[in-house]
């Protein structure tokens, strides 16, 4: 029998239907769950329902996680609910992939070290060795998995076995400058987060910040999204944006852009860890915190 | 029998207890309510529960508002719930009180005229006549209720009868430069919103923006709050704040401060109209929209 | 002889060269100008110098505007300076063009009426009559200039004669849903401001907010820019951006987008009126105020 | 003779007078200085002039720093100018004082390590040993200077000799929970930065975030200021503020407050390092960067 845990997050989504909230709240009531926080949203256009609730167990509740799950499965089956029960203090196992840029990795490791990121960083994988010492300085295993066009399949298989070894639950591409294969994208759909710059207007091709400088943009930003086949166009999780002015040369824009990338990626990882994100079709629903 | 209305907002609060969410959601389920959006929060420190839900009626529901209210009263009695049912498109009747400053009144009337404030502005009352023409330009009745220390009780009674005449539900003090009497504060507790500047550090006495200039503040702001006996210190609803720099002379700070006052007051009125605010003890819980 | 005016704005730009600041400040010194504020920037990559200064005349100065201009022309000639001298309280003559959307016009007229826009709005021109009453309510002349593909040249000539009649100095396209001709763009280069939505990623084609909804964007914004042949891609003046979440249906995104459009356009017009903007190549340098 | 350095920052302030800008720009011109950026402001109410300019030396300039300083002293004497010439890449020597809270120290060290703080951190001094290992992990000397009411003078003398030893130019109180003596404040006036929380309304006494929670504040923030005798009330350098809502319990408010404290303090230190701050009377003029 599972040891009862103080608090849980229950998330669920399903096609819109009468009674969706009720099936969750009634079951929690009957199971001795005391609801601390509940947010639900029924998307009328997409006809999809989403709910996230944080509950603790009543003092006298005889909670058995397996029983809970089995019974909730039965209850929610008619609603075709996809759901998840997670201890509130659970930290998902994360593997980070990087290339040579260190700003996102640096920031993630810093938040992790100072207790401000609710994940367990298990390993860092890179196709280069530049970030090995930074990683190891934080007592985290570093794996060098070089890649060439001809060894891509082989490298991804090597990466996958590292992910398997750590039972990785969330893959974070912290400026990993390689495109994942279609297969890899499929396996990690909804479980891999990427970050890229966001500029208005959008700039194609190389040196986006130089283009932005030439265009005199007044805002620079970043978008964190789930990885999809459509490079840099997966479902958006969160976006950051800050004002700049004419005193920002391309290298200044780049530096500010990197700052925003790091913050935005960290926020996305934290939202994922807190089970605040629902993925549906090509978009996300995020019960963010003000 | 009441004509069924498409959508409602149900808000409720009560002491923290097991089953608070369930009593609401189960009842809505049984009454043919389809929940579009639900937010609940159980404040563990204050031991108080809050819930706001937007629901529409199922197509086949035989909804009778009176019956609904009577039955929900019975159901929720054991929880000592304070609750309210409001049609989603209901616009509360508002009376605005002003003195001579026009920035807040101007802004409220503008939003009202352009359909961006979900209230019905019934009348404007002032102890001066400066804002009469602005008010009447918007086809809203204006009442001049002058006040002196010796006529305060009499003036407030005059004001109250105007409020009664319009069945005023929300009193908005849009830079009304008089202190309401203790009695008036009590009658309108939780139903009267005031706005005042907010500066860091706080400045006592006259000409706060001049003091702020002398202190070189880098932020100016405003706080909207429910009126209480404690002048300028009632329960906070929402606060606005913007950066300023050395190029802001006192009159520039004042102008920016007024802008923020107007925006912040309008936001508070809108939150109130949308039933997003719960008042408990000396504080508010606001289910704001991002 | 010109009547001396209290304060002036002098703006200038030229190719980067030694002594650019000095030629301006020395001349002001010799002309009895007392500098209140000065900002200069030398863009090393574009090799272009920009300066904006606000000065008032010394009490005993024998300032003659014509003489000042003639002498400064001579002094600055060697630097190939493009410059402008404007009384600080000068309000440029503005004509606004609109189609059917009223949010930007409404906002500009409101700011104008309340003394928060340093321009003189001379007329509103539209290819429709929907906004006639709003315009006339503000005592501003309204011109209906309908347009069809076959009458475009003729309509633009009609528009141009209205602009001439009012000696228009700034043309504001406040959601004017017609593309200006190449000739019109050339004539009004640097003197016509347009506004359009800004979404990340950029969406092509119709109903951008519906596309944004389907993509689950977390930010919506707007860009104000000088009109150029390259539709919606002229030199950026200022950009606004705000967060949104899943509770924003397409119509909510649209409403928020319109709010940002109105604010962003008004800010651009104000910056232009205050002579804060320099146009160079395809970009702007803006000495904005915090 | 000094080795010429590529770029310098020249800052100056003096009583308002005709010709203040000119005396600076003319001298730079004559000295072979090429102005990259110049900002000046003449505060009419305080009758004080401020200027900051970044310049590089012309290729053929025979720049001698000592000669420059001697000559500029002579030129500016009549204006009673207080001025400073600093190489653009100069990193002022900083000593940080802390007690037990690590959030500000942690953040400063992180920015320092990643090259995002333009100072040289020479040492950390604390009245406790809690933060010794963190400091030493960054290869920075740590000094334990315990303090009791009876040993205060002695401890401050010990601290002062450490500051002397490192030729400390900027003292940063990164949550140092001791009040500096009047003498210490005088010695370090304008050269010591402190950080404290900022809440609206202001809360006196212990546990400010608990008070803020009870009051339901919707904004939390922090103020960085120069140290003065008036505890927590010295001249403001920069302020940060973020929105919070009801889901923030006192410990959440505290965590968010700490984040803002760390960011705000770092920004103040960076502005100081970049010579962007002028101190005059009880206020600062900051030529901040957007």
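Think of it as A, B, C and D in the order they're written, each chain with its own count starting at 1.
The rule is short, and it goes like this: a residue touches a chain if its C-beta (ideal position, glycine included) is under 8 Å from a C-beta of that chain, and two chains touch if they have at least 3 such contacts.
These figures come from a predicted structure and were not determined experimentally.
*Asks:* Report which of A-B and A-D is connected by more C-beta pairs in contact.
*Replies:* Counting C-beta pairs in contact for A-B and A-D gives the edge to A-B.
*Asks:* How many Å are there between the centre of chain A and the centre of chain C, using C-alpha atoms for each centre?
*Replies:* Averaging C-alpha atoms per chain gives centres 41 Å apart.
*Asks:* Distance-wise, how many Å sit between the C-alpha centres of chain A and chain D, to the nearest whole number?
*Replies:* So the centroids are 37 Å from each other.
*Asks:* Residues touching two or more other chains, restricted to chain D: which are they?
*Replies:* In chain D, 37, 41, 44, 243, 245, 247, 288, 290 touch at least two other chains.
*Asks:* Considering only which chains touch which, how would you classify the arrangement: line, ring, star, complete or other?
*Replies:* Drawn as a graph, the chains make a fully connected set, so complete.
*Asks:* Mind listing the chain D positions that touch chain B in their complex?
*Replies:* Spelled out, the residues of chain D in touch with chain B are 41, 43-45, 50, 198, 200-202, 213-219, 221, 223, 233, 235-239, 241, 243, 245-247, 249-250, 281-286, 288.
*Asks:* Note which residues of chain A are touching chain B in the complex, please.
*Replies:* Listed in rising order, the residues of chain A that touch chain B are 18-22, 25-26, 28-29, 34-42, 44, 58, 288, 290.
*Asks:* Give the list of chain C residues in touch with chain B in this complex.
*Replies:* Result: residues 37, 103, 106, 110, 114, 243-245, 247, 289-290 of chain C touch chain B.
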